[in-house]
Amino acid sequence: MTRRPGADRLGTTALIYLALAGVLAAGAVATAIDGGNLFATANLVDMLTRTSLTGFLAIGMTLVILCRSLDLSVGYTAALSSLVAATTMDGQVANIPLAVAAVLLVSGLVGAFNGAVTAYLGVNPFITTLGTGLIIKGYLDTQYKGPAGDVPALFQQFGYTRIGPVPVSALVMLALAAAAVWFLRSTRTGHHMYAVGGDVEVARMSGIRTGRTLMWAHVLCGMTAGVAGLLLAARFGTGSAEAYTNLYELDAIAAVVLGGTLLLGGKGGVAGTVAGVAILAVLDTVFNVMQIDPFAKDVLRGVVIITAVAIYARRQLDRTARRPRFAEGRAS
Amino acid sequence: MTLLAMRGIDKAFLGVPVLSSVDLTVEPGEVHALVGENGAGKSTLMKILAGVHTADAGTIELGGRAVSFTHPLQAQQAGVASVFQEFNLLPELTVAENVHLGREPRRRGMIDRRAMAERTAAVLADLGVDDLPPQAKVGSLSVAHQQITEIAKALSQGADLICMDEPTAALADAEVELLYGLIGRLRERGVAVLYVSHRLKEIFDLCDRITVLKDGRLVDSVATADITPDDLVAKMVGRRIEAQFPERLPGTEPGEVRLKVAGGGNAWIDGIDLEVRAGEIVGLAGLQGSGRTEIAEAVFGIAPFTRGSLEVDGKPMRITKPRKAIAAGIALVTEDRKAQGLALWQSVRANARMVLDANARVHSRRRLARVSELLAGLDLVARGEDQEVRFLSGGNQQKVVVAKWLAAEPGVIVLDEPTRGIDVGAKHKLYTVIRELAAEGLAVLLIASELIEVIGLADRIVVLHDGRIAGELPAGATEQQVMAYATGRGPE
Amino acid sequence: MRTTRIAAAAAAALGILLATACTTDAPTDEAEDATTEESGDEWFVQADYEEQLAQRDVEPEGDPATPWLQAIEPEWIDTAEFAQEGGDHTVCFSNASISNPWRVTGWITMQQQVAVLQESGQIGEFRHSDAGDDDDQQISDIQAFIDSGDCDAIIISPSTTATLTPAVEAACESGVPVIVFDRGVNTDCAVTFIHPIGGYAFGADAAEFLVDNLEPGSKVLALRILPGVDVLEHRWAAAQEIFADSELEILGDEFTGGDAAEIKNIVTQYLQRGDVDGIWMDAGDGAVAAIEAFEDAGKPYPVMTGEDELSFMRKWKDTGMTALAPVYSNFQWRTPVIAATMILAGEQVPAEWVLPQEPITEAELDQYLEVNADMPSLHYAKFGGEDLPGFPDAWQDR
Amino acid sequence: MTRVRELLVRATNPTATVFVLLVLVFAGVFAMNPGFFEGPSLMAFLKQAAPLVILAAGQYFVIVSGNFDLSVGALVGAQVVIAARLIDGEESRTVPVLIVMALFGIAVGLVNGLITTALKVQSFITTLGMLLVLYGAIRLWTGGAPTGSLSEAFRTPGRLGIENVPVLGQIPWALLIMIAVGAGSVLLMRTRFGRILMAAGDNERAAALSGARVGTARTIAFILSGLSATVAGVLIGGFAGVSAQVGDGLEFTVITAVVLGGVVLGGGRGSVLAAMAGALVIEALFTLFNQMALPSTLRPAVQGAIIIAAVAYAARRRTRPVPTTATATPTPS
């Protein structure tokens, strides 16, 4: 009468990785027909590079979505962080630790603001984080008239160095993802995120400090956006306010949902998110290798996201069905 | 020494007083009943004790120490555990994770999953439960096992006082026995139980002391031995209910067959032969999971019959969704009124006319005009028809659900646990209404976990076991006869 | 309890404001180096401004019939080191985006030019990637070109000057000739940097026109697309410079996102509060909506500067208003691919290839409208593709 | 005593908040520029606000039924581009193209609705995907920048009005269309469809068990949103003509407007009139910023802060525990 422990979560994640394999295979076939090789080193490097930025944002986004929240301000936070990083470093290697600390502090505070308004003032996170994004945008537009600050060459290595075909930034992203998986599984705060997203009243009645848990998710989400900002600074060599125009937040949400995390919270995880990020990166690389029109890319992305979620939804329906007691006969 | 002493507790919501100057004392090892009509303030008092709400005034002492809770966690740490009326479980998590939610054991700062599983197994063993694996996902469990998980959760907190709000509301009689056993064990271990229930039988079976609340005020606190059930009811409602079940109304005679199922079955039920005549009340009895609700769902097209035939008023029907059932003149008052019956943020009126609004085939101006009359006829207590139903008590909410279905003037009405979790006054009103419906010529199919209801109201009782009809009994059957079929033992 | 929560939230908010404010107290390099004027605008570099204004009067070298091959004060450099045998070279192009009509027009022109060069066998494969205005994406795109090792030349139209600098440097280091056009980068490692005179000249052309054609004391409204984009900021910086020395009153400068509805809203609101005599725009997008705002409010047409976008020029012709179409030469999109073939053939190219950039005046209006009579309204008059084989269909059927 | 309390409750309920806010913002505008309330400038304000108000009505149906529609901005843009390309300056094509646009709006809504209700994809994802598809497809079709041009007849509703009206000057067609859409929406919410939509947003299961076609009602809501985007597209295109950026970011503005109107994301609560008032507040706020000559760059920040504050104010009542008891005294029986 009971299923194998953990079979569910594993099953969903396995499905996502299966989907990733499928996308890779389909992409490889498509590029091969087109006369290319998706697994050429250059393309592999390209794929891995593209995972890092969305990856950082999507890891934090997974935490807030697990808590049944949302963060539409991460793109703005990342842009702000890139400027904080670049202006604090100001070309000096010695300033790097200070800059990293400043970025984590600022981005964490942005997250704390989102979390506090959402958890304690009862504002829908969609509105909270949209508003926060606007506030940061106003600040950036007023304060910075363009790129500012100077990132020393040493720190730019974060954005450009590779170990073999694997960019350092992708390794850092994977390490952070591993840490997030551990965090969700092995710490109380992480474990409680599932409870808060699953049913906030139940969580509260069980003695979980739900507001604090939600705060933590938002703070960590802010901080991963900060790390994304550090990566932007490393790759740009400077800080850029304009980075917010790229709608990174929607990419991150798409990756999380592609990764099988329920937008309604309480179910999913970072392992799936990494696969979701990878699927988007593979698509981008395939589109690039095949020279697909940039506007066709948007169309295909939209279709892929909807299709994937429709498939997950179908599985979800099957799963919630009661177990039958009698064999089905013909209809009356 | 007194375990719990609450004194002078006041609480108001939005300026409306819910509790005024309530006192409650509980001794160690005592099973203490908290009774009163819905809206009397029992749940609020319990939630204050659990740290869900904070009292506006008054003091709480636990083991002689003054305490003040602003969060459920503080109550748990002080030794007060609670089992609420609605299940407080997360279906996506395992039994072990649910039992330890908010208090996960840690080793070197990390959650110790092995310890979690071991401790859960130990608590379950302590409760004498051996068929519930700690790693099972709660969403896949039966209602009874979920209830056990709830109690295990409360117990594992090492509580001195366990509050239970309607713990048997979702349980069939056999499962209630299991709960009796658990409470007995708790009492032996010196754990006090604060027991909120509407079921007088349980209260007199289990409890040492009874505290009665009415309209947010303390009426009395007496030893169970010193009071009779009739007196207790009188204290709760302030008036004596002469007969618990109203007599059949004169002139109510079974007429034509309005609902007929022959050989009905689907994945959960099989071989269902059932007839309900106009003016007849047929009771469906059986243990939790025996297929009672599944029959209701099949008749109403939620999980339709895939085998057999179904006739309404002599016409064969294929009812594959609720719309078709409604068009055929069938109504279903569902088991869970908050999840399935009401749009809580909408007004009384919007809810009461929902079936008419949703179905062009039953909508008419005449029926719309009758809605107010129906609500009044059910003795609805509300500030007005514009009031949102979430502000109503459980009993009044249920009256809105009934009104919503009666507005469509059905020929067949299926009532699934219509009196679950509602106060005595509202219960009695519903019993009367059910009798009146039969008198008007409706075919009534009544499902209830409380056998006494089925026995007291039904003209015939169909007993289910394991998805099949185990037997049929006439009016006036005894509980023993019903249980014999329900447990699969056959006729006594 | 409630108040403490609100207080906590407020404290968090305050913390953020404080923290963000602190980090920017230190003045940035650019602000210190760049600002020589009182204006305090960090986008204004006096030397560049003066150079561009002067370049407007320099006669470019080369045939005026092919302005995309002309160059102002070129410093020719040798490219023999990049010369390769044979033809069919693989040329790679990393495009910032085609997210506005100006870039769409240019991109068509470039593709038509490539077709010609492919026909002649000079270019074999032409690969391109589009970063959709995302700097990080473009860095990846450029890296992908470098890593593939297939490119004989890399053309880059950077999305943002400062942020693409490291990626362009990396491209240079790969040994492949790099050609940058449109926006620049903060390095001169590219073999050639192709651009029209620039934003200061554009902004100054427009501002001077308003100063010349309006009475002293007239009121001018400035409409801008976005903050923070260098080519646009330079235009406004130059205009501010010129307006500061004039007796025109600047009512305000508003960001419109290039959205016609937004432009019309803003202009309408200004007209409600009083007269507007002149409109200065940093790009032509939505210029017609601004003119319509005057029509709908029943006000006389302003003296106006837009761009060489046809919808504006046609409206200008229809209304007979006093106007100027400053130009940010769209034909520059032809030059990079030609430059690539020149470099791969070992021919000399200018180190900084400054293309001519002349506004369209009322005198030339009819001529340009006639040439482009069949072109869509969001086409640019000085697109310079009239002699390409795909003309006119390629630009008409987009 | 009770009356006073009831009045207080009414004044502070989320729906009333938006009207208070509207009065405050208008008072601010009046303080800056008393001339704003003269006929012509007020009419100009309403003309320019009409598209957002109409979009808010469409978005309201979707939100109150428990969904989101993030695709409206892209749809507005797509409609304007489609109109320009298909009309291409020919007056005679105006009406056929308007019909094509209406069909396209219905089709987009239908697809959104079917994917959301039949395939059970979260509407946030459905409409985000639709946003990407529309954005890409329309540019793919036109090669990146809009082509063609609109006819004068097409531009009439968005640009012109009844001229020479005393005091007011011009009564814009857009205003009349806005009033018609508003009245239609209010009436629609009072029909059985409106009640079912509301019930479906509040408790999907209860509505379905009452026999409501929840999926159909929600799909119709998406279609109404698609149609409102079409009308808004006609007005915006008419007002200002074609540009490449039409509609960009409108989805977030309009959702903000609806939420400012006290409509709760998640469904089942709020009135369509308040949602439209929310859109007026947003437009009035932009006007206020203009009147104050607030630096352009700072405006998003002020806007963001006001939105958070307003929604937090409206939410503060909802976060209180809900009383579970009847608040009336029982009638003697």
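Residue numbering begins at 1 within each chain, and the chains themselves are lettered A, B, C and D in the order written.
FYI, a contact is a pair of C-beta atoms (placed from the backbone, for glycine too) under 8 Å apart; a residue touches a chain by one contact, two chains touch by 3 or more.
This one's a predicted model, so the numbers in the text were calculated from it and none came from an experiment.
Trainee: Name, by label, each chain that touches both members of the pair chain B and chain C.
Mentor: Looking at chain C and chain B together, the chains touching each of them are A, D.
Trainee: By mean C-alpha position, what chain is farthest away from chain C?
Mentor: B
Trainee: Return the distance between the CA-based centres of chain B and chain D, expressed in whole Å.
Mentor: 43
Trainee: Centroid of chain C to centroid of chain D, CA atoms only: how many Å?
Mentor: Measuring from centre to centre gives 35 Å for this pair.
Trainee: Round to the nearest whole Å and give the separation of the Cα centres of chain A and chain D.
Mentor: Chain A and chain D have C-alpha centres separated by 30 Å.
Trainee: Find every residue in chain A that makes contact with two or more other chains and list them.
Mentor: Only 117, 121, 139, 141 qualify.
Trainee: Which residue numbers or ranges of chain B touch two or more of the other chains?
Mentor: Answer for chain B, listing residues that touch two or more other chains: there are none.
Trainee: Which positions in chain C are in touch with at least two other chains?
Mentor: In chain C, 98, 227 touch at least two other chains.
Trainee: What chain pairs are in touch here?
Mentor: A-B, A-C, A-D, B-D, C-D
Trainee: What residues on chain D touch chain A, complex-wise?
Mentor: Residues of chain D touching chain A: 115, 119-122, 124-126, 128-133, 135-137, 139-140, 144, 252, 255-256, 259, 264-266, 295-305, 307-308, 311-312, 315-316, 318-319.
Trainee: Taking the complex as given, what residues does chain D use to touch chain C?
Mentor: Touching chain C: residues 33, 35-36, 40-41, 44, 48, 51, 142-149, 159, 236, 239-246, 248, 286-287, 290-291, 293, 296-297 of chain D.
Trainee: Would you tell me which residues of chain D are touching chain B in their complex?
Mentor: 5, 9, 192, 195-196, 198-199, 202-203, 205-213, 268-269, 320-328, 330-331, 333
Trainee: Would you pull the chain B residues touching chain A in the complex into a rising list?
Mentor: Residues in contact with chain A: 50, 52, 71-73, 75-76, 82, 84, 88-94, 97, 101-104, 106, 109-111, 133, 135-137, 140-142, 153, 264-270, 305-310, 318, 466-467.
Trainee: Provide the residue numbers of chain B that touch chain D in the complex, in ascending order.
Mentor: 13-16, 18, 38-39, 41, 43-44, 53, 300, 302, 322-323, 325-327, 332, 334, 339-346, 350-351, 353-360, 363, 379, 381-383, 390-393, 396, 404
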